[in-house]
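The next part holds the structures, each set out as structure tokens.
There are two complexes below, and they share subunit A, which is joined by subunit B in the first and by subunit C in the second.
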Partner chain A sequence: MPAVADPSLKQWLLETVQPDEFVEKDLKISGIHFEALVGADKIAGIAREFLKRGYYLESLTAVDFLECFEVVYHFDRQDSNARCCVKILTAKDSGHAPTLSGIYRSALWFEREAHEMFGIVFDGHPNLKNLLLPESSLIHPLLKSFKGEAKGSDVVQSLQLIDEDKRDFELAYPKSISQQGKDYYLNLGPQHPSTHGVLRILLHLNGERVLDGEPILGYSHRHHEKMMEIQNYLACWPNFGRLDYVGAMSYNFGYARLIERAMGVTPPPRVEYIRVIATELNRISSHLLWLGTFLMDLGAMTPFFYCFDEREKILDILEMATGERLTYDYFRFGGLDHDFTPDMAPAIKRFIPEFKMHLREYHQLITKNVIFMKRVHGMGVLSRENALAYGVTGPCLRASGVALDERRRDPYSIYPQLDFDIPVRADGDVFARYQVRMQEMEESLKIITQALEKMPEGPITLGKLPKNVPKGEYYSAVESPRGSFGIYLVSDGSLNPYRIKLRTPSFSNLNSLIDMIPGCFVSDVVAVLGSIDIVLPEIDR
Partner chain B sequence: MEVNKDPRFLETQIPSKLVGFFKLDKLLNLARSNSQWPLTFGLACCGIEFMAAGAARFDFDRFGFGVARPSPRQADLMIVAGTISRKMLPCIKTLYDQMPSPKYVIAFGGCAIAGGPFKFPGQYGILEGIDKILPVNVYVPGCPPRPEALIAGILELRRLIQEGKTQGTMSPAVIEDSQDARPAEYKNAMSRAEFRKPPTPAAPIPPAQE
Partner chain C sequence: MTAIFFEAIKIFLYCIAVILFISVNTLFLVWMERKLAGRIQMRPGPLYVGPMGLLQTVADAIKLLSKELVYPSEANKFLYLSAPVLVFAPILSAFLILPLGEGRIIRDLNIGFLLVFALANITFIGIFVAGWSSNNKYALLGSMRAVAQNISYEIPLMLSTMGVVLAAGTLSTTQIVSAQDKGWFLFTLPMGTGLLGFMIFFCSSLAEANRAPFDIPEAESELVAGFHTEYSGIRFALFFLGEYTAIFVSSAIASTLFLGGWHGPWIPGPFWLILKTYAIVMVVMWIRWTFPRLRSDQLMNFAWKVLIPFGILNLLLTAIFIYFEDLLR
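Moving on to the complex of A and B:
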């Protein structure tokens, strides 16, 4: 798909809105077409126009400057790479910005995150409280004036939280018992085997039926973004291995792509092939883990063992080159940490037909299983419009009938030279998401086969690169197993990033859960949640 | 022995050691050590390795501790697998309190031991090691540790129980200084006007002062 900026949109923006600043950007380097700085009062009108033209809000964040905050909005289209950036400025002390949550529902969580991290108040937001930090927390950690907390404050604050938690529990518990009527509240998580980590969903129930639910995040918040600001670019690699530990290769790829574009270097051809093979193998292992746990959530224990058995074979192959089982930090700027060992290609070639056979077996076991069909058909429907409003990407979006895949929308690496399809389903229910992922595994096998055939010999590194990234702003996205993973980097030209915003796919995908579960039974919430395929540390970051 | 006064705490521990039933104690410990029931509970990356240890290849059920219970009321072994964020900590303590005694804790992975890669001076998000709040019986290092390491850790715990060396109780938190000596390079905010200026060749950007 060609990358075309929408010329009529640019004209509309220049003539009707008249931005304070307008900069055309080099798409190859910065990842966006243009950037416009507008007055805060105009942003809602712009967002409405963007929505009308089929754009979705890809990311919303803020950057802390000496004299003001910059609130940065990235808009993008689902069918072509038309990413553009709109900014507003807000004052430093008690900065206010208008909310976009009435226009794009994805802004609901983005704005809450910007609120707690920077202290910016989004006027008109319906529920502006802390998202990732504890609710009683008063710090704004991503401010540059926040210089960290004193030694030992982790324990002091944690003990205080334990006390608060106990008190709140005692306050809340008698109230919920004396509540009249049939409806009540139920906490699903944070310790629940089918929330895949530490997600908490506050369900409002009538009997067994869900009236509405609210995901509560932050139980796995590991301050990745603040951490990256104080360490150099090379030291950020392990963070990307631990963001989404199930599909870590794609996150490596995202970071490598961002920095290579910013520096204007292209890795050697062998590196590109190895990267693609490793990423696609990792994608299969990620989908296998999803398949096993998803079916275990539905009550089927056997697929869990089948899938983990296959997954271990992939981990064995990747371990030969990386030395790790899941938190890979294998990529380097312009290269790789290690070359593929000689016995890897034969091992992958042995694995492919074996896995094809097993995939057929899974289909026989699962796809036409009556119990499975009854659990998943027509459940948790996500419409195209809602997917757009929530900024959903990845298999969840493709199951709702939109063929968005970063590997095709904004082709990178060697993906344009490879022949593979993007599986799409129109139903948007749990079964459609299952089908999309099952077919994606086959497509990944196709990619691996082709890449193995064409893989050239050659060096696996570019040699020494500068330690810093040129001053500027960069955005780059890759397709992770869960959707579009974008990184927004503000570099001041020094040895460490000035600001990194991680636009993680599960974050937006999980946000759409609010619309999918009303009307379900509690047991179906687990099925719907499983079908989104979330990884918590990637959401909480 | 200290007895927990919290009414929510299940008092199934043997309160007094005035009379020791040595043979009976040994028998009980033998039984406990051979059927550890871990709590199904993953916090982050290490949780996946915990799952892998229970799945097809590694299958820790071979050793008798494969009955992973989702409810803390039925479990007696807590495997703290992953980063302990400060928001999660009250939940971990609640879970620990809900487990019947005698209970055991394994700190699985770097984060549960001492904060792992997420530890840096002035961090605001995590607790640097679960042993600041809960008593830990066995530490399993790694980031993440391999499933074999978890199995070795549980076998080590089994040995400790059989020798009568552990009995999990609630101990008060110890507030210790973080021993991290890496310098934190916190930046000051830079000027936006300075940042927007087109680059001038060979002129380094002066760091903005607040």
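Moving on to the complex of A and C:
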């Protein structure tokens, strides 16, 4: 898809809104078409105009500058790479900003996160409480003034507040089942077999019927964003392997792409091929893990073992080059940590036909199973409009009929030279998501086969690169197994990133759960949650 | 006087024999299930404790017995303690009417297996009590599902056995088996009604024993462990024992009613019964490791919209065919 800025939008912005500052950017380097600084009162109107023109809110975050906060909005279109950036300024102490949650529902969680991390108050937000931090925590970790010493006063104070939280919660939700009426609350998690990590979903139930539910996050919050601010660029690599430990290769790719674009370097061709092969193998292994656990959520135990058997082979192959089996830390700026070993290509070539056979087997065992079909058909429907409103990406969005795939929308690396399809389904239900992922595994196999054939010999590194990134702001996104993984980097030209915002796909995907579960049974909540394919460390960061 | 005394000793010995059999049988069934699951899932299953891992379940049982007994705070202690017994005890009664051979039966009652079904229903009171008294929402949800499920599946279960009763003309299990000396009711009932009856019986007994794909009362991925979420140690072991014995008993009754009980060539009758029972148990296990779980409403639909109409149809057909067969004779 061509990357064309919408000229009429630019014109509208310049003429009607009259931004305080308007900068055209180089898409190749910064990843955005233009950047506009506007008054805080104008942002709601701009968001409405963007919505009218088919844009969705890709990311919303804030940056702490010494004299003020900058709230940064990234808008993008689902059909072409038209990312643009709008900013507003707010005052440092108890800064206020208007909420966009009435226009884009993805802002619901983005704003809550910006609120707890910076203390910005979003006026009009329906539920502006902490999302990742403990409910009554008053510290704002992403402020530059916050140092986070273990015995610092803000940490001690926060721990006290956690205790108070517990008491408040017990008062708010009495232990016994509510005496009047038939409705009651059920905590699905944080320790539960089917939440795929430590996630709590507070379900409001009537009998077994769900009235509404609210995911409660933050149990595995480690604050990668703050960690990266106090490390140099090279030291950030391991963080990316630990964001989403199931599909770590894509997250490596995202960081490599961001920094290489910012520095204006292109890695050698062999590196690109190896990266694509490793990422696609990792995508298959991630989808296999999803398939196994999803069917376990539905009560079928055996597919889990079948999938893990195949996944094991991929892990063995990737281990040859990376030395790691899960939290890969394989990519480097402009290169790779190690070359493929000589026995890797034959191993992959052996794996491909075997896996194709097993995929057929899965289809026979699962897709044709009557009970499975009854459980997944028409369940947890996410409409196209809602999917875009929540900023859902990846297989979940493609199952709702939107063919958004970063590998095609904003082609990077060698993906434009490869022949593969983007599977799309229109139903938006659990089964559609299952079908999309199953087909994606086949497409990944196609990519690997082609890349293996064409892979050239050559160096695997560019040699020495500067230790810092030129001053500026960059945004880049890659397609992870779960969706569009975007990184927003503010660099001040020093050795550390000034601010890194990780726009992780599961975060927005999970947000849409609120919309999918009312009216379901408890059993369906588990099925729907499983079909979203969340990885908690990536949501909590 | 002496007669009563001997009778009391006899009952005592029977009880000990049955409990011994149940324990050993459960240990073996659990081992078998794990081995079978392992084979289905491309892994060897228990391997190291004892030959072929046979002692693995014994080790597990010892671990369960030696665990500390914990109560949930705010649980209703009396009910919480009585629930495992309520679940386990009624199943013992089934061995009363299980005929191992001609005259090899503890009590040949003329109400036969109806008694077992009646007593087995006490189990569900136990399950509900377990869920209610644990003061846990998952347990309560599980026990509510269990009660709804078992009330629904009781009906097709009884309907499916009536065809056999019509053909044999009796409720006594010994006489039902004797009536099958020319062939199993599975095949000899007219126009395939035996086969249909067996299918309905098998599905319903799966649901009655809370087995996959009808294991919604203890659905692991939804309700953690369902009604026995809060139970541990020996009390959990009693639930476990009850569950596996229920599978064994329902399979044994199925082979008595449909598969000719002790009838079979070459080897003695009791062995035939055990063999047939284990064959059915194996199918039950095979199903568990193959299928996903149904949802609770789908489960109810299956009982009320499929099994019960077919059960009634089956009963009517059997009655009509048997009536005309008698006329022709």
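Side notes on the structure shown:
Basically, the second predicted complex is superposed on the first by the 511 of 541 C-alpha atoms of A that agree within 3 Å, B and C clash if a C-alpha of one lies under 4 Å from a C-alpha of the other, contacts with A are read in each partner's own complex, and residues count from 1 in each chain.
Quick note on the criterion: a residue touches a chain if its C-beta (ideal position, glycine included) is under 8 Å from a C-beta of that chain, and two chains touch if they have at least 3 such contacts.
Since the structure is predicted, the reported quantities are computational estimates derived from the model, not experimental observations.
Look at A:Asn127: by the touch rule set out above, it reaches neither subunit B nor subunit C. When the two structures are aligned on the shared chain, A:Phe305 is found in touch with subunit B and with subunit C. Which of subunit B and subunit C touches more residues of subunit A is settled by the count: it is B. Contacts of A:Gln11 after superposition: neither subunit B nor subunit C is touched. By the document's definition of touching, both partners, subunit B and subunit C, reach A:His192. After overlaying the two complexes on the shared chain, residue contacts for A:Gln417 are found with neither subunit B nor subunit C.
In the superposition on chain A, contact is made by A:Lys374 with subunit C only, not with subunit B. On subunit A, the patch touched by subunit B and the patch touched by subunit C overlap at residues 192-193, 304-306, 309. Put simply, subunit C touches subunit A in their complex at residues 37, 40-43, 74, 135, 137-138, 140-141, 145, 212-213, 215-216, 219-224, 289-298. Interface of subunit A with subunit C (complex): residues 175-177, 184, 186, 192-194, 208, 295-302, 304-306, 309, 369, 371-372, 374-375, 521-524, 526. Those residues of subunit B whose C-beta lies close enough to touch subunit A in the complex are 39-45, 47-49, 51-52, 55-57, 70, 72, 82-83, 85-91, 93-95, 117-118, 120-128, 132-133, 143-144, 146, 173-178, 184-193, 195-196, 199, 204-205, 208, 210.
For subunit A in complex with subunit B, the residues that touch the partner chain are 21, 64-68, 70, 132-134, 139, 141, 144-152, 154-159, 161-162, 164-166, 190-193, 197-198, 218-223, 226-227, 229-231, 238-239, 242, 245-246, 289, 292-293, 304-306, 308-309, 311-312, 325-327, 470-471, 492-494, 496, 498, 536-537, 540.
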